[in-house]
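Read through the structures below before going on.
There are two complexes below, and they share chain A, which is joined by chain B in the first and by chain C in the second.
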Partner chain A sequence: MTVDQIIFLIVAAITLFAAFSVVTTGNLIRAAFWLIGALFGVAAIFAILHASFLAVVQVVVYVGAIAILFIFAVMLTRKDMRDQGAQLNRNWKFGAFLSALVFAGLFFLLRGWDGVSKTAAAFPSDFDAVAALGGALVSPDAYVLPFEVASVLLVAALVGAVYVAYNHK
Partner chain B sequence: MIPLSWYLIFSAALFSIGLFGVLTRRNLIAILLGVELMLNAVNVNLVAFWRYGDVHNIAGQAFAIIVFAVAAAEVSVGLALVISVYRKRNTIIADEIDILKW
Partner chain C sequence: MDFHKDPLQIAANWLFGILAGWGVADLWAQVLIGFLGIFLLIALLMVVDILLVWVERKVVSRFQSRIGPNRVGPFGLIQPFADIIKLLIKEDTTPEGADRALYNLAPVLSMMSVLILWAVVPLAPTILGVDLNIGVLYIIGAGAIGTLSIIMAGWSSNNKYSLLGAFREVAVMLSFEIPMLTMMLIPTIFAGSMGIAAITQAQDVWFFFLAPLAAIIFLIAAIAELGRAPFDMGEAESELISGYNIEYSGMKFGMFYAGELLHAFTFGSFWAILFFGGYRFFGLEKVSAFLAIAVLLFKAFIGYWIIMWVKYTLLRIRIDHMLIFNWKFLTPVAFALLMVTAFMNALLAASPTWLYVSGMFLSNVLVAWISLELARFAAHKEREKTENALTADARR
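Up next is the complex of A and B:
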């Protein structure tokens, strides 16, 4: 075992534990904080994969905006946060079976694929991934159209969220 | 070096945990938390395939950026719906919001 393998295993174990706590913790504020832990773990995985820009965006967008939005929503619907009833619905055994089945299916599908044990080539030291990504997002030959459509989607989501949550009385 | 399979299995586990949350939680906000976990699992896969393929082909990272934008849009509209439902019905328990099941 090399050092980066050990680091990966530690990060992955922490992330999966945090994710499991997100879906099992009764107190929703705690679930939101566990979600922050899981998102930081995914950001660390991005950093291990040399995707430095995505690691930073993960922290800024997910931890800085989305998790805080969740905490605000929990506080605005606080009556149910103290709800002492069951947190899982009555079909939870079927749900657990189905998600275990999805995991087992993916696992055996991956075992049957021969590209799965591939290791990465050394990261080229003269390649600036952030500059390449920025160029690709605004280049007409690459992804400028999805980029612009995503910005329109964000504006539509902003207007829609304000309209839906507005108190019409 | 870390084999590609470790990332893929990690991502599959994260996706399955998120799926479990979406299928079984009763609270609407907790269901959205599960959706966030599933979107993150997808992003891990995209970035892992970018790193283990040709790193000069930046498509994996560009797709991950689009997934970020879609996740932000999804969570803002979803939480607005939750707050709207809470105002009208005074509950965010998914089992009790059953008016379409008549």
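Up next is the complex of A and C:
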């Protein structure tokens, strides 16, 4: 095993453990903090894949904004922050079956793909991934239209949220 | 290679030779040297941090017409060590009903969020941790961990005052992050890179002269991000005792306190790096790496001193005023300035330096003037409305 593989396995184990704890812990705030751990793990995996921009954006957006908003929402809406309900409901057998099915499907799909066992080619030394990403986002031949449509959609959602929450006098 | 130009590389090579002589594998030798480098940087920062306690106390006493610490050692220089001994022998208390794991994790994360910022700081042309090409975003990402530590401390203490303090502090930090990030994009536009080292290298003319308004907005947002006066509503002593860190005692409180001081110093150094040329000062940085570090520390201390000056001069602002100031004034001005700067950059890209600098400077002044006039107009309207309402009330 190479050093990269060992690091990947450690990070993946931490991420999976944190993600599992999100759904098993009874304390809602604890669950939010475990979720932050899982999001950090995903950021670390992005970093291992040399996608440094995505890794940092993952931390800034998910940990810095969304997770904090989760915690705020939990703290402001719950009277008692320890969730008292049962952890499982009647549909758990069906849910477990569905997730096992999805896992098996992905497993067999990826087993047939030869990319799993290959090692990735190294980047050329002068390759700037961030510049390439930035260029692709604003170039008309690449992703400028989806990028702009997504931003318009987000602005519309923002305006809609403000309108719904606005206190009409 | 000359020892004065690149001392760390020469030391690393020397160590590598010794370890190779002992028969250590190359990979492990590199890992060991990397860890030693990190240890050296953190040790330097912690020593500066101990000194900062003394600097802060001495400066605040000058602002308040006092003498400050002057009993322990010459000029009270040994005072911080006495403080540390006191913090270490204090009882380590945990409040009843606290979430023990998160309660203990919060001070560590608080200190960590400051220390990891220094990974991207270029101390000299040859001395820097990593030359990340997304350095500016990394700084914001590290700030996210600081926000997390505050909400963790506030919630896990099981104290309503600390929770209220954390809520306020986090609301302020989340809001002021936006103008701060926007203003960090302006040096990025000038330098054509998000890397901190590239931004430093690009400053043949200090970016302060190109974008004085950006530098000022960045400083305001940084002070709010630090939770220092006038934006210290999170720890308003008169109503919240001391905010999110009420329940912490001994060295755990010390971690928050030292983290806050080092954070202020760190933002002073970022101000120096983004707008005042970092380690560059009339070619001094080319003479010796040690001189470059001294220049950077000097500039960082000036930034830190200005942050202290603001803190001990201004009064605390109410939380709603603070958020209104951010969302209705600072953020729109920051966005407008970013758009104007990007436009002017495209317009003046091919022009000589003097035209570029003066064009940028004038557009900054123009944006500042228009936004202040608009703010004045809005304030007059608001005052008229309030006065009319008051006279209508009096008539009834």
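Some notes on this structure:
Operating definition for what follows: the second predicted complex is superposed on the first by the 157 of 169 C-alpha atoms of A that agree within 3 Å, B and C clash if a C-alpha of one lies under 4 Å from a C-alpha of the other, contacts with A are read in each partner's own complex, and residues count from 1 in each chain.
Simple rule for what comes next: contacts are C-beta pairs under 8 Å (C-beta built on N, C-alpha and C of every residue); 3 or more make two chains touch, one makes a residue touch a chain.
In this text the structure is predicted, and so the values were computed from the model without any measurement.
In the superposition on chain A, no contact is made by A:Val159 with either chain B or chain C. Of the two partner chains, both chain B and chain C are touched by A:Ala65. Of the two partner chains, chain B and chain C are each touched by A:Val57.
By the touch criterion defined above, A:Leu35 reaches chain B but does not reach chain C. Of the two partner chains placed by the overlay, only chain C lies in contact with A:Asp128; chain B stays clear of it.
By the touch criterion stated above, A:Val102 is placed in contact with chain B alone, chain C being left untouched. Within the superposed three-chain model, A:Phe20 lies in touch with chain B and out of touch with chain C [touch as defined at top].
Once chain A of one complex is fitted onto chain A of the other, the partner contacts of A:Ile6 are absent, as it touches neither chain B nor chain C. Look at A:Met75: by the touch rule set out above, it reaches chain C but stays clear of chain B. For the contact definition in use here, the residues of chain A common to its chain B contact set and its chain C contact set are 53, 57, 65, 72.
The touching residues of chain A, counted against chain B in their complex, run 2, 4-5, 8, 12, 15-16, 19-20, 22-23, 28, 31-32, 35, 38-39, 42, 45-46, 48-51, 53-54, 57-58, 61-62, 65-66, 69-70, 72-74, 76-77, 79-80, 83, 85-89, 91-92, 94-96, 98-100, 102-103, 106-107, 110, 115-121, 123-124, 127, 129, 132-133, 136-137, 142-143, 146-147, 150-151, 153-154, 156-158, 160-162, 164-165, 167.
Those residues of chain A whose C-beta lies close enough to touch chain C in the complex are 3, 27, 29-30, 33, 36, 52-53, 56-57, 59-60, 63-65, 67-68, 71-72, 75, 128, 130.
Those residues of chain B that touch chain A in the shared complex are 1-10, 12-21, 23-27, 29-30, 32-34, 36-37, 40, 43-44, 47-48, 50-52, 55-56, 58-59, 61-62, 64-66, 68-77, 79-84, 86-87, 90-95. Interface residues of chain C facing chain A in the complex, by the touch rule stated above, are 27, 99, 102, 132-134, 137-138, 140-141, 143-145, 147-148, 151-152, 155, 163, 167, 170, 174, 177, 194.
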